[in-house]
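I've put the structures underneath this note.
The following pair of complexes shares a single chain, subunit A, combined with subunit B in the former and subunit C in the latter.
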Partner chain A sequence: MKQNEGKIGIRDYMAIILLTLGSKVSDDTPTLLYKTAKNSAWISMLGIALLSLIPILFLLKVFSVHRNKNLHEINLHLFGKVMGNLISMGVLLLGFSSFVLDTSVYVDIIGSMYFTRTPTLALYILMLVVCGYGAKRGIESIGSAAWLTLFYLKATLFLALIFAFTKGNLKFIFPLWGPGTLEIAKTTGSKLSIFADFYFLGIIAPLVSSFKEFRKGTLWAFAIVVVEITAALIIFVILFDFTSIEVISYPFHETILYLSIGFLSNVESMFLPFWLVAAFIRFSFYLYLVVTLFGGIFKIKEFEYLVPVFIVIVLFLGIMPKNLTYTLPYLREMILGILSPLFFILPILMWGMAKLRGDFKREAEQSH
Partner chain B sequence: MFKVLKKLAGKKRNKRPVGSEDTLASQASTKDQSISYQIEDNIKQVKKIFHYPDNKDIKLRECKIGASEKRVAIFFISTITDVRTIEDSAIGPILKNKHPDATIKEMIATQNITHLSTMRDVVQNMNTGNAVIFIEGETSAYAFECANFQGRSVEKAENEVVIKGPKEAFTEKVVVNLSLIRKRIKNEDLMAETVTISTRSKNEVFILYIRNLANEKLVDNIKNRLKNLDVDAIQNLSLLEQYIEERPFSMFPSVLYSERPDRATSFLEDGHIILLMDNSPDSLILPATFWSFFHTSDDHYLRFIFGNFARFIRAGAMFITIFISAIFIAVTTYHSEMIPADLLLAIAGSREKVPFPVFFEILLMEIAFELIREAGLRVPNPMGPTIGIVGALILGQAAVEANIISPIVIIVVALSGLTSFTISDVSLNFALRIIRFIFIFSAGLFGIFGMTSFFVMGIFYLTSLKSFGVPFLAPMSPHYVASGDTIFRRVLKNENLRPGYLKPKDMKKKSDEAVK
Partner chain C sequence: MNAFIVIAVCIVFVYTVGFALSLWKQKNKIGAMAVLFLAVIALVLPYFSYFQS
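Then we have the complex of A and B:
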């Protein structure tokens, strides 16, 4: 049979990408883009997509010759033991920090938009417990859960965007180039790391049932996500116009607050559960990635047992920053700023090393 | 670290030795004897083993063969044998025998005669309802089949009712159940193997599968699991189910339990394995997926659209029964802005005089409903409907008038109780009812956030469950090649594949010509 133990199929893999990257429209990522690119954030998004394609293709090329290795093992293979471990550790550190930041952003959203009277700590604990449980269940479980819920999550998102579109004013996307091409280019360069998740996806590359499916799934999911985020960026702008969108922290949630469907005048709590499901699956996956990478670097075979430890660390780090609304975007931007060049350069570097070591030639000889 | 903790915990719980006498071993030792040349010895031995004549239904008939005048002794247990057969086919012919050289096989007119050489075989044959004959001067005994266990005749299925399609249900006699299945599958590859699963009561289980369909590894796995049971007695399949399931503490069942032979047969034809047992008016179907608990046989007997309509209603009912009470709590306490203003005022108005929070109200009524349900099940038959009326109508009405609960809560709880009856499978039904309470608690604690958290954890749990190696939500996720019979079913003609997760030997159910 096609289904192997411990591996996920293309459906589950694509569902994971669509949920993890797709739900970026609903956190503060759009705000970061609007801040500098104003109403032409969607153009900068397309730029980011085009530019991201380069490292993604290089990564796929590298993975095509190392089909049974994950990101860390490839790093070790290409850069040697010392450098490989150092790079993986850097990646782990960045991944872990963005995990901490992302979760505290989400808890901030839940706390400030929906549960204003519930203590943040309680929300944070519950959220991390759920994600920890998911991460401990393993990649198969996360993939299945993503695939099972994907349709409903995307359908509600689509519904929300359609309703928002009908309320918006299409003229708000003009002037097309917004603050000017230079600003757009700058945004493109500094926010490239929105797609850095694709680099982290390398950690589960050998867990996808075949490389062919990995490549196909990655590229298709990439295309869908780009369309989704771009559409969402346009819709937010035509709904709020660029002056107000800059000061809105979480445009998606403002959008659903703004909507009314038929006799229901407040529908945001109807979209909340769907958005939460996506968030839970997304963070379960991130946590799984972080723990797997950690287990790989420090050679811990039963890395599932690390999950509770990680939860506690994340919890303490996550509740540390005071005044979340102001510190978080700043820290987020910092991480994105560091990740962007790395995301662009590392895959190319990896490809270069593989070329130097002659990995591609060997592969070609083997296939003959 | 966890392993250490587990070890520590495990050591504390070390079993205390139970002082006991191994009566089973002494019982076995008396049987370990060969059959003697002396008929007197044999008779004495059997009498001793069965405690004749204290054991009232153990019968012994001694006589002499008509022509040769050899002594003969016939032992049987009268309550589980057909005495008429023994009289007509054994005792009669023996007494009337005219040829001095005739062997016992030539005298007795039953369908088969088995040759027994040890006391163990003698005892086993008598216990299964056969009669045993000892003959003077022979070191072996003979057994012939005349078992007649009493039981119910084939009746209508009571728990899995269908509108269209066959009505008969399994009975407590495994022979009848097997015949009900053989009536539906006239194929020599339908195997019915037996395994003895208990050491004292010698309960037998029939393992049914179609040899050139079912996956061999699966069959071996189940056979091994049955053979490795070391228990004194397992009376029936409901008990056996708990011995062989993988997660006894899990909320979700991993073995399907059906009383309908047509349902069992359709699973057999897909490559599943069926277990049958005496004393069980049902069958165990393994491996089972979530969908098999959700489906009924009606779904396929009804036409495509009607069957799917029923499925749609059932899926909706399942959603309502789990969530409606929890949603009501969450919305009224945490997200009241969701409710249109008029309705909100109506709810608030009706709750004006009620002193309790919504959470407590709902919990009170849900528990009351469960009480009525459990009581209604246990009361003697003639009183059943009365209890239902008293419980549901009067209690509800009075509670509202006494301002203990608001009328809208009655609607919500009645809806959640009513819809729970659409799931006919007992195990899943229980699971859903318990899950409903967990959702009520999570909604009371964290509103929609709590409900979603628990829901996602549930999804993670369901996706990681396995029943005999088959993922619980297959073939939906992880995806397998199959006929796509999950929430909805396809047109019957297009359901042409066996479920891939069973790894059947033949995937195709119908040839291409049949499909076109």
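Then we have the complex of A and C:
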């Protein structure tokens, strides 16, 4: 099986972001926000979005002067061989841990809410084999698959949210500031890394057809995802109220299990197939990022041969935590807590180093 | 199930070691060692996470 070596256009690139980040609505991310920000989780999401815009803009500025380099190559260029490799390895380790936890959360969702009698290991193996196949096919295939699924996934999500909205009580969003501005600010700061995926997107930056499209795609997708997640957070609250939503592990799945459209009582069967495909694409992409970064650090050009070994490691690390309902949120919060300051500081540091090295000046001189 | 897991993990181990050897032959010794390290982790991990529990 040969990987496609080509580049992806803005359409596929945006589809990937909208699927990977947009599907955070359907995992335990909302619960993590509700836990501390209560009914004003949506306000803290807006705060997270505003704060995340700063590192994203710094990153884009750095990428604007290193258009043919990926994240690891830029790290090497800016921080030197030793420090650059160390930073990339740290990024790889955190990204990989986050990937393992995300897959574990998804398997927990599938196992606890839909396929309750299927062994977790079987679900995990099936999911990772499909994702491994996707990752091995390369970024072009992932992008095409993301684009093909995007419309159906977003249409069903939109439908679910609209129906949930009609069944909810708008008064539940009050008091607007929930537990107070301090708690909202704390949640904003500690959960900033919800958008850390944008940092990892730097790994495929040179694979997007042009920098202009990379920049445009990143900013548009960011805006759409923020609107989507904020709307979902508001709708979950008005449907369940914050007292019950804090104890619900996966609000999106509870919503689609709760909904009935006319005579259709099991509407989750309408959403599940698209959600599953989106999950496969999401993890194919994450796996692709992990093997690409590993390949970059250790100068391995044919990194697709690493997919099987990574699948085995992810599988056996993913099944390690016992008592998933309690351990997964704890581990997820821990990873978010470590990633948040790094996601904010690293791009600013990169921009500072590029400025010190005179990269921006050189670029300006070249363009004149 | 256990036999299936042992066989699958062994196949992946051999495949990855083969890839590490090809990297070694291409003079990418650090890459080969990193891949070998991954292969060993993949071989050992099931014992701790699956068979011991």
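Assume the second predicted complex is superposed on the first by the 363 of 368 C-alpha atoms of A that agree within 3 Å, B and C clash if a C-alpha of one lies under 4 Å from a C-alpha of the other, contacts with A are read in each partner's own complex, and residues count from 1 in each chain.
Going forward, a contact is a pair of C-beta atoms (placed from the backbone, for glycine too) under 8 Å apart; a residue touches a chain by one contact, two chains touch by 3 or more.
These numbers were taken from a predicted model, which means no experiment stands behind them.
Legend: residue contacts after superposition of the two complexes on their common chain; A:L121 is shown touching subunit C, with no touch to subunit B. When the two complexes are overlaid on their common chain A, residue A:I142 makes contact with subunit B while staying clear of subunit C.
After superposition on the shared chain, subunit A has more residues touched by B, the comparison being subunit B against subunit C.
Once chain A of one complex is fitted onto chain A of the other, the partner contacts of A:M320 are limited to subunit C, with no touch recorded for subunit B. After overlaying the two complexes on the shared chain, residue contacts for A:Y305 are found with subunit B and with subunit C alike. After overlaying the two complexes on the shared chain, residue contacts for A:L219 are found with neither subunit B nor subunit C. Of the two partner chains, subunit B is the only one touched by A:V277; subunit C is not. Using the contact criterion defined above for the overlaid structures, shared-chain residue A:L331 touches neither subunit B nor subunit C, since it reaches no partner.
Shared-chain residue A:M113: touches no atom of subunit B or subunit C.
Overlap of the subunit B and subunit C interfaces on subunit A: residues 305. Partner subunit A is touched in their complex by these residues of subunit B: 1-2, 331, 334-335, 337-338, 340-341, 446-453, 455-457, 459-461, 463-464, 471, 473, 476-481, 500-501, 503.
The part of subunit C that touches subunit A in the complex is made up of residues 1, 8-9, 12, 15-16, 19, 23, 28, 30-31, 34-35, 38-39, 41-42, 45-46, 48-50, 53.
In the complex of the two chains, the subunit A residues touching subunit B come out as 1-3, 8-9, 11-12, 110, 114-115, 118, 122-123, 126-127, 129-130, 133-134, 137-138, 140-145, 147-149, 263-267, 269-270, 272-273, 276-277, 280-281, 284, 305. Interface residues of subunit A facing subunit C in the complex, by the touch rule stated above, are 119, 121, 294, 297-300, 302, 305-306, 308-313, 316-317, 319-320, 322.
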